[in-house]
Each structure stands twice: as C-alpha cells, then as structure tokens.
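Heads up, the next two complexes both have chain A, just with different partners, chain B and then chain C.
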Partner chain A sequence: MKRHFLIINTCGIVLAVGFLIYLCASALYSGYPWSLICYYCKKCNAPCVVGIDPQGFIASSYSNDPNVSMYVTNGRLPLGRAMEVDPSMVVQAEDGKKLSAAAMKRKGVDPGREVLTYRMRAKEAAQLCLSCGACEKACPIGLPISAIVKDLREHGVFRGK
Partner chain B sequence: MTKDRSTLRILVLLAVLFVLVFICLKQVRSQYPGEYPKILPEIGGTFSFQADRIEIVLTEQPKSGVVFVFAYDEGNNFLGILKPVTDRKVVLGRGDLADVRAPVKGQEVGEPVFLKRMDRYAEKIDIFEKVVQAHDRGGRYGVQRCLHPVCTKCVDACKTVISSGDLAIVMGVQKGGFILPEFSKGKCPRCGRCFTDCPTGSIERSPGRQH
Partner chain C sequence: MDPIGIISILIFFGTLFGSIKGWIPQRVLPIQVALLAAAALIGILAFLSGKEIHASSFVSATTLHPITAVIAGFIFAGALKASGGFDAATDFVRRISRTPLGIPFAVVLLVNLPTIFAMPCGRIWVSPLMPIALMLGYEVAKERGNPTLPALVVFGLVVNAAASCGPSLIGGIGVLGEGMGRYGTGSFSNPQSIAIVVITVVTMALLRFVFAVAGPSEPDHGDDLPQRRAIPEHGYFSFILFVVGLAVTVVIQPPVPIQTILVFLTVVVMIIARLSVADLLDGILLHPLTAMISGFIVAGALVASGGFDVLLAGLDYLALHTPLGYIGVALLLIYLPIVFPMPCGRIIAVSLIPGVLMFGERLAAVLGRPPLQAVLLISFILSAAASCGPSPIGGIGCLGEGNMGLKGYVSGRPQALGIFLGVPVAALVVSFTGLSQSAFTVSFSVISICVSVLCGLATNVLLGFKVYHPGGILGGALVGALLIVF
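After this line comes the complex of A and B, so read on.
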C-alpha cells in the first residue's frame, strides 16, 4: 500500500516540477523571464479602455506562444478587417451573442459594419493596444507589459525569437 | 627667481584646469542639447448628422488609428467613446455606448470613470444621443486624437523628471471642450520624454534646434 502511494506521489512531484521547469525555460526563451512573477491579480485589466486583459500578454509570453487567445472586449473594427486579421476572432453581435468573425459574415452582416471584439490572439490584440501604459501603472509589481506589446506589434514575435 | 617660477607654475596649472573644465562643459552641452515639445492643434472633423448615425470626416488620418469622439452632458461631464478611423472617416451609430466619463470643473479634468468592465457596462450612456443633444443645445462636442483621460503618458513622463510637482505639462480643457496637454516653457527641462512617449502624435518635437 505504502509503495503504491510512494510511486504515485513521486510521479506527481516529478510531473509538477517538470512542468515548472518547462515554464521557466519557455519564459526565458521568449525573452521575458519576469513574466513568471505575475500573480494574476487582474488589476491591469480594470483601466484598459479597449477591454484588453493584459494578463493575456503575460500568459502568451511565458508560454512563448503569440497565438494564445485573450480577451479584448471593447475593441472596435470593421467586420471585413476582423476577417482579414483572423476569421476565427470572436466578436460580439448586437444581441450580445459571441460569434466568430467568419460566422458573422455567414449570417450576412455587412463587412463594412463595425463590430465589438471579444477574444483574439495576443499578436492581434497587440495591434489594438493604445500603448497608453495604464496597465503598467496599475500593476502592483510594475511589470513592463508594454515591452511585450511593443515587440508583438512591431515584429509579431517575442524578443527571444 | 624661485618665487617667480612657482607663481608661473600655478598660473599654468590654473590655465590647464580652466581649459579642461571648458572642454568638459562643452561636451556635456552637446550631449544633452534638449528640445522643447510642441503641442499640435487638435484634429479637425466635419460632422454629418443623420437619423441613425453621425459620419465624421477628419482632416487627417491619426497616427494611432483611433480617435475620441466626445460630448459634454448637462452636468459638464466629458463623455467619450474610442472609435477606429478608416480612411479619415469615423461613424458613430445610434446605440454606441460611451467608454469613459470624466467630470470637468473649469479648466481641470477630474478622475475618469471607465463605464465598461470586461463585457459588461457599469453604466450605459448612449454617446450618439449625447452628441446630438450637445449639437442641438449648442453644447460642446467634437473629436480629438489625444486619448486623455485614458492616456496620461506625457504627464507621467514629466513626473519622472520633475519631482517637485510643478510640472511643465499638465492637461487642460480647451475652448472647444478638447482635453489637451498644456505646456509651460519656463518649467521644461527639455528632456524630450513627452514627445517620445506620446502614442498619438499629439505632442511633437519642436522644430529648429538640431542635434
């Protein structure tokens, strides 16, 4: 009995530690190792007028993946533009339903019509960011979130690449 | 004779020191020439009022790709909505809800309140109606490229350089209701951070002095 628990616990610990090591390595590789100290307080989200959840940039950086999906709930752009950028981008219909841009177009919505965004990839969210720095000011530990946004906006990839 | 020589040595030493100080000062000056900022006049726009929409044609495409369409309500609150600009055109539709509200007292802007949290509105204010009402009663409304009260980068940049609180750049309300930076030349250390940090191009480097 004890041996079984020992094996299970050992495997669990090895998996957990392995995952933490992988996370540290990917954060280092992306070029933003400081992103690991974010503790998800979400204070950065409140002052963003575009409705961006800046924690999404942090998550994409320590995952080293600019395609991580994140909330951008108050971005406005024409449906045609949303289709060009990412047809799978989730936008809000007038009745409040959340649909992909492609689904909105299939419903017959005019491509020139302005839609409210809801979720999109981090590299596209960086294009909508105003660079006002309100999220950085709100962060209690002063994480330089705009550094990630700047690299994604200008190069489409993280600093490490 | 010895006394003359020592006096001469002291004079030569002083001359060398003077030349060295002069060279060092000159180098410091050329490294930090500094430039004053220039606050650009606000972007102009022609409003075309229709039954269910307002079409605004701007004089130029803004650098950030978005503008604030604003109107003042009866309580002298600044109500603004962030709108994208496509080919110098902005469309404000009926049902577009304001993103931010800021109280204005005289020339000073109070603390802004964000009306939308994630996908829920804390307060729904139809900005289309407010613009139409302001137009009808002769109130203030318009469009501006400066994103204050959302963006405070110029003031924050000034605060990092001037610790006394007597800032060279402060935000003020202009005649047409625009909220723009106001610049005091005498207080400005010419660090250049304001126009470097401005994301909208509302503040530029003053022309004239070159590096």
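After this line comes the complex of A and C, so read on.
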C-alpha cells in the first residue's frame, strides 16, 4: 500500500475507533453509562401495551439526545395534538400508510381525529409511557429503563445536562 | 420515493459491491474506510438536502452489544492461548479422535459446538477453536490422503459459528426478531439450530465435491497450530473453564452481561496462569471490530437519509407491479443479506426487520396463512446471522482463509450456497411444528436428533469413512441431544 493511502486508511480506522470512544463518552455524559450494556435483544418491546420500543430510550441515552426517533406503534392521540408536539411525528393513516403529522394535516384529515402513532422522539414517547415497569421485568439483565423515562418525562433532557 | 434515499442506497450498495468485486481495491481503500467514506457522502447529501443530521443519528443506530461481546471474547481467547488452553483443547480432541469413535465424532462435535453453546457473535468460538479445527483437518487429510479435508473442517466450523448468533439467547439476532415481532422469547431458536446443522454439512459437502478447496498440504502458519509439547495443568483448567463457563451461561442466562462473565473468566485465567495484560493482546483482531463499527455508522447514515425506507418501498413496488409478486420478493428479502454480506448480520437485520415484519404480514394476508410472517422472519434472521461467514469484507470466513493460507475469497461461494440451501430447513420446521419457547417438545426433539444423525452420517461420507461409522452417528446423536438441552 502506498504511503499516502496508508496514512488515509490509518486515519479512517482511528476514526472508527474514535467513534466508539465518542459513543462511550456520550453515554457517560448523559448520566446513563449503563445503557452501554444493553443487549439490543428487544425483549423489552413485547410486553409494552402502548407499543413503545423501550430500547429506543436506551439508544437515546447513549446518544445523549432526547430527540432520537423511536417506535411507538400503539399510542393514540388527536392529530392536532401530534402536530403541536412534533409535526414530523410519524403516524399511521387508516389505510396503514405511514405519514408525518404535518403530511396528514395537509391531506385534509380533521385535527380532532384520533390517529395511531408510529415513530416519535424519545422525549415525547416518555410522556406516553404508563410506567408499568413491564419492560424492566422483561430485560434479561434488569436494566432500570424507567429511570431514563422518568428523567425524560420530568426534564426533557438527560440528567447529565 | 425520496431521491436522497435512492441516491443513498445506491451509494451504499455501490460501495459494498465495489469492495466485494475488487473494483475498490482493498490495498487502496479497505472496506472500513470505504464504508466510512460512503457514510460521510450520504451524510453530506442528506444535510445539503435539508434533512436533520446529528451525531446521535449515527450513534443511536450502533448496536454496541456484539462489538463488546467480540472484544471480550477475543481477550479471553488471548488468555486461553497464552495459558496453553488451545494446546489442552487440541490434546483433548486428539484423544477423542483416537477412540473407536474416531475423527468423525470429533469433527461433528467440533463444528457444531458454536451452535450448541450459541454466543452473540460466532467469533467468540472461532478464535479459540480455529487451531483445533486446523489440527483435526490436517490429521484427517493425512490419514485419508485427501487435501480438501482441512477446508471441510475449518469452514464447517466457520459457517456454523457465523450462523450461531441467530439462535443465541444472550443477545442474538433471533431474540432481536422475537422482541420486535412480539413473539415468545426463545421461540426462534429451535428451528434455526436445526437448520444450522444442515447448513454446516451442506457447506462441507460443497467444499468436498463441488468447490474442492485444497490448502497447502502442510500448515503454512506453523506458529498458530498448537505444538506437541508438554501442556501445563493450567492449560487444561483454562479450557475446561471456558467450555463450562459458556455452557453454564447459556443454560442459566444469569442477569449479568456476557461481557462481564468473559472478563471475569479472563481474570481468573490470568491469575492461575500468571499472565500479564500484554499476553491478552495476541487474541484481539481489530479488523472485524472496525468493519462492524463502520458498518453501523453507514447504517445510521442510511436511516437518517431514508435509504432503508426507499429499499422497502422498492421491494413493495416489485411485489405489486412485477411478476415476482409477494413470494418472489419475499425470497429476495430473505436472501438479501447473503447477496450483500456484511461483517455483522445485525447491520442489515436491525434496519430491515421492521420491513420484513410488515412484508410478512402482507404475505400472510395475501396467502391466507398467518404463520407465514414467522416463517419469513426466521428465514431472514438466519440468513442475516449466517451472512457474516461468506462476507469477504471482514467476515469469519476470512479468518479461516487467512489461517489456512488460502488466496482469494474461496470460501465465500460454498458458504453462501450452503446457507441458501439450509435456510429453507428453518422455514419447514416452523411450518410443520410451529413456534415453541421450550426445546423439550416431542416434535423438536425427534427432528433435532434425526436431522443431526443424518448430518452425522453425511459427515462420515465426507471425511472418507464408511457411512455407518459409529463416530458420525453417535456424534450426530450427541449434537441433536445437546441442541435440545442447551
């Protein structure tokens, strides 16, 4: 390999390793370093009656970003409310198509009409969470997911900030 | 369809295809750097088009679990190697091969070990077992006078280990699919395990009769083969600790991360064998780790740019407007990970499983058979899990090729074909027996033992022994029984 490619490629690999270090630092900074040990097995997903994918809260915490998009497939709220909260929230139309709340409104759907959610930001998903703890019980390594939900619900940001 | 999404997915597949075909020479731009460049390009395009791109888009798309599990596994493999655990394992396997059960028994057990004690990443098993596979392969080649036999044993182990993250109950891809699809925990494990035994023997058969991959007659990397020397007692201790530790973890599934368990076992071995930290570094392979990291980064870029949405929309279009129909596109979806094999199956699996679920639901509705969603999902997951074996960009097959001193990506096609032919076995098992969270069902037990015994018989033939050699038969029966228990 020629010298300049050697340098470029070494920098690339260092960047990849640096990304991993950044991820770990991000989790530390959010105040939830234990989110790094999540198995990403989605066992927490099945017991949630609201259709929340609790692993989204974990991803949000190790990204240190409460705006990470996550699945909430069984939440119900009026379209107008969805628009207020986040116009880019993805909701499900009657024909099963997934559209943003803004796109739904442009199609002429009544703002008072109840829609089924599909994807939303973690901090909004925390508002819909029922705090039943079923996801924690299902987690094979017992991660305290509700601590993240509580933080997001009360503050909208992670305690590290 | 979003044009940025279309361009993104084209950039991604173009980079992958270019690297696999050699149009982007690895000596100029290795796959990790190529994928990072693709991710940067996609990110810039998405940003310029007005999409919101944050660092968190990439970070949240990264699955850290397999990366840390592999790091922990490699560290433990380094400890095993330094303490003489590999030598002890080789001695143990050599003794088994000298019993009346012979080499077929040892081979059947060895190549199926990763699936019996399935880990979240097959590399955790391949790293310590590769020297043993090489030793056994060269011994049987010398005995039978057939130079293709080492490749059989090595790549049989490789494809089995690659696929083993599918049925793993400690954070494997199967559990991921169960969770996302809201199926019972562990219900995907049984059909996958049986299919992997078949995939293993089919791959071995292809290597023997079709591709005839012959390595050097003597091992090239003599240093990597366990030497015939006095084995210290702590070597035997380390190896037994390794097997028992992982077996207990799989059975009990303690609420402790596997990474912690592996690190704990490493510390124990270090104390017993008086190893230093420098001794552990020998086991670490940076290439698959950096390939996985860069794969996840590009997956994050694709999610942010809408690339995966475009892919699913494209498949939907093909199903509705082409003669392929839903069944044709379902097959395309199942085998997509094999067509574009990544160094970690999760890179594609995590992004496409929601689409597979949606497609499976439609397929089930169109054909009037509700179980089809589970059939499609399990087949896709197994294909994704196994796809890291034939991946020429940091896949487990490359480990085998490197250790055997083979040139080119010779193990890719046999593995891919083996997976292609073996995945329908999982689909058939689910179709006929349904899903069950318990392995102790009559149907699974019978199928497991029968299929494993048949594979044992086939292994006898592949290794040049008589078909009714007791080694293969009993080895197969033992594997079938262990699949039920573990």
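Operating definition for what follows: the second predicted complex is superposed on the first by the 148 of 161 C-alpha atoms of A that agree within 3 Å, B and C clash if a C-alpha of one lies under 4 Å from a C-alpha of the other, contacts with A are read in each partner's own complex, and residues count from 1 in each chain.
Note that a residue touches a chain if its C-beta (ideal position, glycine included) is under 8 Å from a C-beta of that chain, and two chains touch if they have at least 3 such contacts.
From a predicted model like this one, the values you see are computed outputs, not experimental measurements.
Engineer: Determine, for the superposed arrangement built on chain A, whether chain B and chain C clash or fit.
Structural biologist: Chain B and chain C fit side by side in the superposed model.
Engineer: Quick check on the superposed pair: does A:43 touch chain B, chain C, both, or neither? Answer first, second, both or neither.
Structural biologist: In the superposition, A:43 contacts chain C only.
Engineer: In the superposed arrangement, which partner chain does A:8 touch: chain B (first), chain C (second), both, or neither?
Structural biologist: After superposition on chain A, A:8 lies in contact with chain C alone.
Engineer: For the three-chain arrangement built by superposition, which of chain B and chain C touches the greater number of chain A residues?
Structural biologist: C
Engineer: Tell me which partner A:68 touches in the superposition: chain B (first), chain C (second), both or neither.
Structural biologist: Touch status of A:68: second partner only.
Engineer: Quick one: is A:104 in contact with chain B, with chain C, with both, or with neither? Answer first, second, both or neither.
Structural biologist: In the superposition, A:104 contacts neither chain B nor chain C.
Engineer: Who does A:125 touch here: chain B (first), chain C (second), both, or neither?
Structural biologist: Touch partners of A:125: none, neither chain B nor chain C.
Engineer: Could you give the angle made at the Cα centre of chain A by the lines to the Cα centres of chain B and chain C, to the nearest 10°?
Structural biologist: It works out to roughly 110 degrees.
Engineer: For A:147, decide between first (touching chain B), second (touching chain C), both and neither.
Structural biologist: So A:147 meets neither chain B nor chain C here.
Engineer: Rounded to a whole Å, what is the shortest Cα gap between chain B and chain C in the overlaid structures?
Structural biologist: It comes out at 5 Å between the closest C-alpha atoms.
Engineer: Would you mind listing the overlap between the chain B footprint and the chain C footprint on chain A?
Structural biologist: 45-46, 53, 71.
Engineer: Could you pull out which chain B residues touch chain A in their complex?
Structural biologist: Contact set of chain B toward chain A: 64, 66, 82-84, 86, 91, 93, 95, 99-100, 114, 116-119, 147, 150-153, 156, 197, 199.
Engineer: Can you list the chain A residues touching chain C in their complex?
Structural biologist: For chain A paired with chain C, touching residues are 1, 5, 8-9, 12-13, 15-17, 19-20, 22-23, 26, 36-46, 53, 55, 59-60, 62-65, 67-68, 71, 140-142.
Engineer: Write out the stretch or stretches of chain C touching chain A in their complex.
Structural biologist: Within the complex, chain C touches chain A at residues 27-30, 32-33, 36-37, 54-56, 58-60, 62-65, 67-68, 120, 170-172, 175-180, 182-183, 185, 253, 255-257, 259, 286, 290, 293-294, 297, 346, 350, 354.
Engineer: Considering the complex alone, what residue numbers of chain A touch chain B?
Structural biologist: Residues 45-47, 49-51, 53, 71, 73-74, 76-78, 81, 92, 94, 114, 118, 130-134, 137.
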